[in-house]
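There's a structure below that I have some questions on.
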Amino acid sequence: MKSVKKIINEPQNAVPEMVDGLVRAYPQYLERIPGSEAMVRSDKDSMIGKVGIVSGGGSGHEPSHAGFVGKGMLSAAVAGQVFTSPTPDQIYAAIKAADHGKGVFLVIKNYSGDVMNFDMAKDMAELDDIKIKSIIVNDDIAVEDSLYTQGRRGVAGTVLMHKLVGAAADQGASLDEIEKLAKAALPHISTIAVALSAATVPEVGKPGFTLADDEIEYGVGIHSEPGYRREKIKSSKKLVSELLAKINQEQHLDPKHQYAVLINGMGATPLMEQYIFSHDLLDQLETQNIKPVFMKVGNYMTSIEMAGISLTVFELADSTWLKYLNYPVETIAW
Amino acid sequence: MKSVKKIINEPQNAVPEMVDGLVRAYPQYLERIPGSEAMVRSDKDSMIGKVGIVSGGGSGHEPSHAGFVGKGMLSAAVAGQVFTSPTPDQIYAAIKAADHGKGVFLVIKNYSGDVMNFDMAKDMAELDDIKIKSIIVNDDIAVEDSLYTQGRRGVAGTVLMHKLVGAAADQGASLDEIEKLAKAALPHISTIAVALSAATVPEVGKPGFTLADDEIEYGVGIHSEPGYRREKIKSSKKLVSELLAKINQEQHLDPKHQYAVLINGMGATPLMEQYIFSHDLLDQLETQNIKPVFMKVGNYMTSIEMAGISLTVFELADSTWLKYLNYPVETIAW
Amino acid sequence: MLTAENTQEWMNKFYLKIEQNKDYLSELDTPIGDGDHGNNMMRGVEGVKQGLAQLQDPDLKTVLKTIAMGLISKVGGASGPLYGTAFLEMAKKSSDTQDINQLIDVALAGIKKRGGATEGDKTMIDVWSPVAQNDTITQQVIDDAIASTKDMLARKGRASYLGERSIGHLDPGAVSSGYLFTALLETEGTL
Amino acid sequence: MLTAENTQEWMNKFYLKIEQNKDYLSELDTPIGDGDHGNNMMRGVEGVKQGLAQLQDPDLKTVLKTIAMGLISKVGGASGPLYGTAFLEMAKKSSDTQDINQLIDVALAGIKKRGGATEGDKTMIDVWSPVAQNDTITQQVIDDAIASTKDMLARKGRASYLGERSIGHLDPGAVSSGYLFTALLETEGTL
């Protein structure tokens, strides 16, 4: 009867069962908001007197977003159906749980579904006199940023945004200050990915696209959205060259600046390959006389069991940003 | 030219390049021991006056073992070729870097290669008057423990052993005390795995075994060693039943005792599936009136890009063990 | 003219069409989207069905609001807020009028406002808009509207990432909106 | 009788055999192991070659020790310490005797001690032991010894996890040890 080779039960129950497994495994970090697939920090005291930070999106990106809920990062996270934005009522429930009188800041990835559902939730929350501000993260430079499209997608760089605003909130920043911070940082965060194989949504049962045994695709999104070029598999060094060239086109990396780097596994790509990619990236950055001052390598914003990697470069244009990145957190996955 | 779809360069350079990428990405935790693929804590001060803890094994199990090097856990780790025990000279280098006069404790997985290479390294170190003790972890209950075989393999439970002895060492335990602790805990740690697909060693270029599109195998090891039964893919609930029955046969789980649980992804299995597995596991433990007092879910001891999961149950027969598990650490991956 | 009764019948018919075409809708969403539109809509009509079943002797406004809430709270993705907003706007307007044409007008305005798309962007709007513009809704109008999305280049939603490659495929949201209006046509007394 | 010179020649011949049969050794290691024995041994003989190339006018003990170190520091896995121990024991013993039979005896003892295996466990010992027992080493002795491992049930090393299923396959370490002894046979003056 089962058509997909996954450790699941009924595909339509994947998300609620996942949320249940998560909150029961990590009660020290997470609590489920009753009647929803939203989760809030179990250490409630750590939120008092502070702006709440809420994020979320479709499921399938684990450890995003619930893995980043905890002191110093997110206050609550919402898990939609797999690759489908959560509904406004769920987001609204998360906002209410995250609000402690200082307002709530929403981190939204630029996908039409996410934007609209978070928007409706915001309307609902404002009726309760909860102050809401938000940022729409659009770090994926694979997509042309144009008025005639949905615009750039929000991908792995979103995790760095969580970290920044979470640290600021924990240090007592106001809602307006957090919005200012997020807006200032956003244009400095650029991400570009390469896929080696696609993901299969449990309910769909077949991969979102197919790549031949020796094919890769540059510029894919985190829901198997198409990228900008397909070609034969290359060495890690060449993959790095391609992705770094795109980043350079966008950011014009400069040794006078400081950079943070996030190398993100898309799900099925082993850490071994991510570390080899790091080695080549650092070598190539070195030829530009650049040495990142902050780095993370691992699975942070995945696409179920897609194989591939994304590279995020974040120019630390403001010296406080590095402090925010290094600020201690208590979460499952940071 | 490339036959394997992996983000690598020349397959034979995978390990040195990985180690390089790792230490350069995480200089705050790790330093490479010159001329070797062994890594030592960069925060040297945290080792002074304490017993050193050294572990390692073949590569391909990332984040094991280097991901657990840091204050409160391992002092040094050695990375062999993929799925191949490191050589004695490399282990010896790690031992020397980990020794601060209080002796060094080795955590070895029960594979003939690991046992013999660590043994030779121990001989070398003893010539330098370094006091050495060790534990051979053999938590894999899939294998009959018999005098007529190599005996049980060391798998994901090894990570819990690292945590225990690392915490004890950081708290100033002596080499003898650490050995006593490790010996006492060992028989209480049981692991059993299920694989959905096999791993491909870069230099080999093809998977270690093949499973049909709808087939799984119970009891595989962390290097694609064969398990005890192959059958059609089952629901998560049924996988949990099968694995938990094996654990129960071994440990006779009892509500009067306290348990720690490690659910370990083998590499390509998404966290979503691991959390669903957790949900089913906790449900089924509940019917035995058991609620784990400590849980971890994620990729800790992987098998390159193998898909599958392992379940480790650790009976906390001594009340200090839970404290050791919860003791704070500074590592990349715990 | 919409009433509490015929609107519920309309939803029953819509339910059946979605149920029957769930896989087709997801297939349409595969080349230019993420393959979930059928599943999304199915959750939505299930939600609507459950919501309506709990009402006792409701008025039209309550029925429309219940439909909106069912869609908003069950669909998610891009189509959930859009369909939800459409019915929410109809609910609001139903205090003034029960005329289906006027209700569709406000629904369309809501969709446009919520999603920022307009005619020709290859979205559900390209079905809602012709239906709103024609005084009498016919199957021909619906079918032509759906068909028109095939040659369009997507400018909103997931399909927009494909650029030129979005041309040559029907828009899944347009097709599901077509079912909505066909169901309306088949519901006596609504027009 | 081993000398510094013929031992080096022996290693050259062994290198060539491993190089030629690398893939075959890894293939043998696939059904009952982890498919790396060819790669492991190749790294080993490369290490030995490099080590020996650096020696100037060495004595036998130095040659044997260099071989041991090359194997120990390059092979890893199970075969590295076993082959390494074998040559280390030979190096130690070479102060007393250069007789190949006596040297093989101490090597075998070292392998047994290091790995805890014995005859019939389906390991390299099942080649080393018959070779040690026969006063004159012949290709026949070697071939028979290798072949004998096929029907054995593995009791040590990775293959032991297979239990009954290990029967019917040659042991890769036995085959590589066979190359070692064939290379010895082909090296004039060693026997």
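As written, the chain order gives the labels A, B, C and D, with residue 1 at the start of each chain.
Here is the rule we go by: a residue touches a chain if its C-beta (ideal position, glycine included) is under 8 Å from a C-beta of that chain, and two chains touch if they have at least 3 such contacts.
Here the structure is a predicted model, which is why all the values come from computation and not from measurement.
Participant: Would you kindly say which chain has the C-alpha centre located farthest from the C-alpha centre of chain C?
Facilitator: Checked the centroid distances; the maximum from chain C is D.
Participant: Report the inter-chain centroid distance for chain A and chain C in whole angstrom, where each centroid is the mean of the CA atoms.
Facilitator: Once rounded, the distance between the two centres reads 31 Å.
Participant: Which integer distance in Å separates the CA centroid of chain A from that of chain B?
Facilitator: 28
Participant: Rounded to a whole Å, what is the gap between the Cα centroids of chain A and chain D?
Facilitator: Computed from C-alpha means, the inter-chain centre distance equals 53 Å.
Participant: Spell out, as numbers or ranges, the residues of chain A touching 2 or more other chains.
Facilitator: 82, in rising order.
Participant: Pull out every residue in chain D that's touching 2 or more other chains.
Facilitator: In chain D, no residue touches at least two other chains, as defined above.
Participant: Name the graph shape formed by the protein chains and their touching pairs; answer line, ring, star, complete or other.
Facilitator: line
Participant: Following the definition at the start, I'd like every touching pair of chains, please.
Facilitator: All chain pairs meeting the touch criterion are A-B, A-C, B-D.
Participant: Where on chain C does chain A make contact in their complex?
Facilitator: Touch residues, chain C against chain A: 26, 30, 34-36, 39-40, 43, 72-82, 84-85, 114-115, 155-158, 160-163, 165.
Participant: Can you list the chain A residues touching chain C in their complex?
Facilitator: 58, 80-90, 111-113, 116-117, 119-120, 143-144, 148-150, 153, 201, 203-204, 208, 221, 223-226
Participant: Which part of chain B faces chain A closely enough to touch in the complex?
Facilitator: 2, 5-9, 14, 17-22, 24-26, 59-60, 62-63, 67, 82, 196-197, 213-214, 216, 233-237, 239, 263, 267-282, 295-299, 302, 304-305, 307, 309, 333
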